[in-house]
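Each of the next two complexes has chain A plus one other chain: chain B in the first, chain C in the second.
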Partner chain A sequence: MGETATVGDQHLRGGGVMRRLNAFTGVVAGIVAAALGWGISRALMSGPYADDRTISIAMVCWILGFLVGVGAFTGPVRWALGRDLTHADEQFMAGKDQGAFRFFRFTTDHKVIGVQYLVLGMVTFGVGGILALLIRTEAARPTSTFGPATYNAIVGLHGIVMVVATIIMIVGPFGNFVMPIMIGARDMAFPRLNALSFWTLFAAVPVLLSAIFLGGIPTGWSAYAPLADQAPPGMDAFLITIILFVVSSGAGAVNLVTTAVTMRARGMTWNRTPIFVWGVAVTSILGLFVMPAFMASQVLEGLDRTIGTSFYIAARGGSPWLYENLFWLMGHPEVYVILLPAVAAIMEITPVFSRKPLFGFSAAIIGEIGIVTLSVFVWAHHMFTTGWAPALNGPFMLTTELISIPTGLLILVIIGTMWRGRIWTRLPMMFVYAFLWNFIIGGITGIYLSDVPVDYQLHGSLFVTAHFHFTLMGGAMMGALAALCFWFPKMTGRMLDERLGKVSFWITQIGFNITFLAIFYIGLQGEPRRVADYPATFATGNLVATIGAYILAIGMLILLYDVIWSWRHGERATSNPWGAKTLEWQVPTPVPLENFEVLPVVTSDPYGYGEPVQPVAASVATGAGPGSPGLADPGRLTP
Partner chain B sequence: MAVSARRMGPTVHPAQRVPLLNVGIIIFLASELMFFASLFGMYFTLRGQAHGLWPPLGTDLPFVRPLIFTIDLVASSFTMQMGVRAIKRGDVSAFRRWVVLTFVMGVVFLTGQGYDWMTANFHVATNAYGSAFYTMTGFHGLHVLAGLLVMLVILGRSAAGAYTAERHAAVEAATYYWHFVDVVWVGLFTVLFIIK
Partner chain C sequence: MRETQGTAPERRAWWRGHVGHILLIWAGITVAGVLFGLFLPPRLMPQPASGTMHEVRLTVIVFTVAAAPVAALVWGIALYSLVVWRHRSSDVPPEDGPPIRGNTTVQVAWLFVSSFLTLFLLVWGLGELQAISAQASPKPLVVDVVGQQWMWTYAYPQDGGVQSATLVLPVGRSILFRVTSKDVVHSFWIPNMGIKIDANPGVTTEVGVTPDQLGVFNVRCAELCGLYHAYMESAVQVVSGSAFTAWVRANGGRVG
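Up next is the complex of A and B:
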């Protein structure tokens, strides 16, 4: 259906001006715009705010220039002028018949965007990982190697790069690639908005990295005012990055929620919707509600720095405490924005490798919604030591501890699914085990930290650092790696090499646990975060942690090699190598542009593992057209 | 099924009944609401942390003039809704008249706000109150401006015959947005001009 445009027919060849635009023209236009903005504002501005204004204007010009140059506004402009895109134009924008070049364009196909996010995510993790190694290199010896200012910049950048990378690591690649197919849709609700979301994030990366050359960010990733008011122009780069990131993730989240709400296949009621879709939708809603607070905190910071407002300057009636509230109002729910999709991916993967339906589907949903609801009532536990009204410590301690109940429910669902299943230990499943081990350590130390007396003792120590690395890296990132190994065959058409993957898995896990168990220890001893040199008392623990970090890095490099090698030379994947039942495995690999030739009608829940698995022949994957997508179980999913 | 070739394309779900744009805009507005909620939170935090008088001495705001402009903006929500009703009946010319009227009322509001900005005896860098006042009304003003631009686009597309009784999702989406801008202003007016 809809195949009206034939290749070579000049009249129906869509695209128009889009044919000449790509990432390269975007970069050129962005640089030209930034240079113009910089030159003009440099010539016109003087006074105390001139530097910050000039740099901010240049950066905003870069973004707008880049987006114009990459073709982000072609569709809306043509719409506003009443010359709507034709079907052929849309086909062109979806990347039809463009080969690998479509990955460097403003392509609207959700599968292309998913792969773009995957690569961007791996690059961001690479940058953040190198910064992490620099941190551990500095901390290996009690004396300072790089000097405090450089060290602070490294720590701050590591923080924000990793926060961005972990927020996008599941919703970006797998939410975009897998989710629409999983619900039986042809694309996202707003394909152009989806591409805009990706390219905005892409354009934010150079802005953030420019902070290194603009004096760094001395504040750490939390960018506390009023230190941020006094910081060098690197701070402007930081806050513009955050604003862009919130715009990008907001656009993505609107899209994901709208898609999940309105575009599910016929018969896919909410209780037949796969748990991963639930997780992505619920997380996106949470992100939509809390990210604007982050944006507001940085907008106000930017106004303080460029037009002389005094939101955070106490001398003129402002309040630094206001910043802390706005920041943590986003900051704590944000860790659940990172965690929930990871848990959802794990809950999606566990039934496949346990050959059992998901245990407690409604418990899983109650757990997710419970976390989302409670997470917006816990932010002040980051501020127990600020000297605010102590009467409020109790309620915030209570809400924080309550959140362990829905979290525990999710762990129960995962373990309950594995219980008495026919567990098939492939690489994705190993990451599920790692998730359980690491996340339970991270989660339980979180309960300690929420207790006010313990927090008074441990606030600002490395114990906190170890805690959130166990939850976010040991926990959430294991979910992302499980998802990567699980959906790799569908996304790339090739199997991930399992032997190398297992080698990498063990090295990574051992390195990770050595590093952060040692950091727990030195945190309990009392070493504060974010210091470049420390007393000799902490030397042994720090050295162990540094050795662990290098082991971890070796493991990650092996995994990276494995991914790159398998992407190019791996064994060809069949359409359903895991014998899974959700819709994305019922379409051929590689997935055709329109996903489904005939939209599926769903007649049962997605976890029908009680029945014998029908072998899915390898020929189905490559040979069959999209009309007979190798349905493993025709009684359950009627095409 | 009576769907155009465009709607049968790979990017649009053919079985779509609810206009996606309307669902999307409501979700977007929920997020926007949280941005303004953060600004309100900012205002009350500064107010709660302030030493001495609030608003500080030397920051005087009129009441009657903003009230008139508030009534103007609230009324413009109703005129916009009349426009949606007209297009649902298929009465394109009435629809255009209502949108033009709404546009004029929006311009009147923005002009009034600009006049208030010019004549106030404090500015954005005077103190935290000034920062809060100008930032909150300024972000709202930007949203009004965006709404006016959207109305211009809608009028232009309507001139090209884009909207009919069956196809007007963008009009409804713009209307939701306009109501949102209006409701936020009622909150701002209450907080900045009545409660203080």
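Up next is the complex of A and C:
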């Protein structure tokens, strides 16, 4: 320890600036840069595009300023100066011996980044949830309360905030915190890239929220052109957010895939790799393929808005169908980017709480890969009614319906694992049951929508809204909540209070089902999506949905309180409270900086419940705590 | 799924064990789901005013009925596991469950059944599309529909170019809507007739329907199109052939 400190002191003289940068200096630098960018472009620009250009430039300056100020470029700058980071610098960047301060810095430790994602995700869900309540408040009665302008702005913002939140909700917190430990690694493959992807997302959130003050996003989250061309500068905030989000999630995905492929412990062959790692890896690959289409769609939109191109403007030779194709090329695979890690987490959790091996490991993998492959061939089922290519409606109906086969396999894996198990209904397992209930409803209603004639009727109605809330909220988010309750003890070192959690669980489930079953009802009746006002025919269903939404909100608030309270005052967690067999439960809680004192060697998969011999890991560090020689150990194994 | 390391001395018939009980629960949930599918959707959906809408309603019923046994199986097993296989304590279960790592018969059967169901959905859907296009006549009455923020306007090119802000259609005649937009993307939707097609600027899209009920129905915009999207609503009047002719003449057109 003493030796490390001396080395650090020597480098304090050379690299002192790096040690003074944090989120606060980032925000200050970002605001200064944004103000400069805004002022200069304000002075120089005029003409019809001036407002959009000024605001876009200010936003880009904010991002760059923030990243510089938070210390994201320290490594490259030092490298360019010919003085690469020393070991002590790396240790500082990893947040060694910094207490809570490391959560507010450009820290490279994957565990810190996982917690940062968790908190950012919860904040984002909070904002999206408040917006959802505003939507339901507006729709409680016929006649508009807030007026259509405000309502439209809220709907678009709710949509995109929730899309961002749900995409990061599992791969962000648990992919970062848990996955590297699960595979027996000391960190991610690219720790600095990992921090960069988090802080890029962090910087994108204020840009997105600034849309509230710039006229909102009155286009829905799908931001169809040419409606988006008419929209106020809030639209610029939207598209810059998307571009940043794709950069951030792309960097994150590259990192997760590389880590899963190259950094698994010795002996962890693919058929011994936990299913959650598989889920995160295949999802990241899918994201890498499809998210760039989203970025492309928004770059073209940005060009249309700021320099007068006409990619989507029909009057000047563009086509709205181009936008729709680019958007849905990302848009449908994206729902599987949300869903797959959730199902993977559920498949990881079910064996632990059924005390049985995973039923059909290969079926689970075939299911995941099948979904990933098929999901890139289904996008035009969002375009059955656009008139883009009526002759392709049949083929896209086929591919869409085919995807129910691999999805069904995953369901078989889950119920097969429960079969004759010792069902231990702790909170994570309760969410697995909630998932089965909600996701079956969401999946079946998806089959109606895959059918072309039925889609002619239901497309653009609230039926679609209810369908994807049942799959993404009732399905995927239950997976995320199961994962949160399951890994909470490992991430925070404390147990989540289960009594309060169960109260919240029931209130949330009841509220959710009331809300969205009522929305199915009004959708079948024929109420369109995204309307600020509606005829009296739909009044009953809407009122019920609003009451359900408030119940749901109460349940979520209880859960939030539970998480915050347990994080601070909860019972201290042992290293393996669930008796689970994956590697993250074999290391101490709290997890030491480099996870493993000695890297483990894996001799079987982690699902050997009920089997006579269970040698998961031949050698796993058990006693490493603060002050252990693990970090300064010159002979430490590097993969 | 058979007992692999059973402790029971005598072997019970399979239908008296877990499988039999689950089959009972499955049958119960399936019957409930089928009844639900037969009675609820037809009462919720708009009353059909065209053959297309009849097809749509029938499909929703058929798909609900077909989905009922699938949902019943998953929920049945989940419910049964909660009641029968539950470990009633908050401590880690002292002993593990049986180490079943898979069952080829079950997995193959599952794949086979789900593939068969998917094939059924596809064939049904294609048959339905065929049935709907068979309703269209080769010589339809053409109606040009123009969407703009936030209203629909209609023209009847075969009837001397009558222009109208309300849609009037003769009953029992095949109609072809040619739809376009002046500004942003709208979507032309007649909920009672089960048809919807986007109105895109710069291009014309087409959808056909044959109204088979007299009456006044809603026309809605189904694609968010800006500030007053919620109010982009109007009516379609389906009238008798003679009343339609009279309406065309009264609006200065001639019946083609």
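Simple rule for what comes next: the second predicted complex is superposed on the first by the 594 of 639 C-alpha atoms of A that agree within 3 Å, B and C clash if a C-alpha of one lies under 4 Å from a C-alpha of the other, contacts with A are read in each partner's own complex, and residues count from 1 in each chain.
Following the convention adopted for this analysis, a contact is a pair of C-beta atoms (placed from the backbone, for glycine too) under 8 Å apart; a residue touches a chain by one contact, two chains touch by 3 or more.
Remember, predicted model here, so these are calculated numbers, not experimental data.
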| item | value |
| --- | --- |
| Three-chain arrangement built on chain A, chain B and chain C clash or fit | fit |
| Chain B versus chain C as contact partner of A:G250, first or second or both or neither | first |
| Touched partner set for A:V17, first chain B, second chain C, both or neither | neither |
| Partner chain(s) touched by A:D187 [first = chain B, second = chain C, both, neither] | first |
| Partner chain(s) touched by A:Y224 [first = chain B, second = chain C, both, neither] | second |
| Computed vertex angle (chain A) for partners chain B and chain C, CA, steps of 10° | 100 |
| Touching partner for A:I564 - first (chain B), second (chain C), both, neither | neither |
| Partner chain in contact with A:S319 - chain B first, chain C second, else both or neither | both |
| Residue contacts with chain A in the superposition, chain B compared against chain C | C |
| Nearest Cα pair across chain B and chain C, whole Å | 9 |
| Common ground on chain A, meaning residues reached by chain C in one complex and by chain B in the other | 319, 321 |
| Contacting residues of chain C [partner chain A, same complex] | 1, 18, 41, 44-46, 52-53, 55-56, 59-60, 63-64, 67, 70-71, 74-75, 77-78, 81-82, 85-87, 90, 92-93, 95-103, 106-107, 110-111, 114-115, 117-118, 121-122, 124-126, 128-129, 132, 179, 183-185, 187, 189, 191, 194-198, 200-203, 205-207, 218, 220-231, 233 |
| Residue ranges of chain A in contact with chain C within the complex | 144, 148-149, 152, 155, 218-220, 224, 226-227, 230, 314-315, 319-321, 354-363, 385-387, 393-394, 397-398, 401-402, 404-405, 408-409, 411-412, 415-416, 418-426, 433, 436-437, 440-441, 444, 447-448, 450-454, 456-457, 459-461, 498, 521, 524-526, 528-535, 578-579, 607-611 |
| For the chain B and chain A complex, residues of the former touching the latter | 5-6, 8-16, 18, 20, 23-24, 27-28, 30-32, 34-35, 37-39, 41-42, 45-46, 49-50, 56, 124-125, 127-132, 134-135, 153, 156-157, 159-160, 162 |
| Of all residues in chain A, those that touch chain B in their complex | 1-2, 4, 79-82, 84, 86-87, 90-91, 94, 108, 185-187, 189-191, 193, 250, 253-255, 257-258, 261-263, 266, 285, 288-293, 295-297, 300, 303, 307-311, 313, 316-319, 321-322, 325-326, 329, 593-594, 599 |
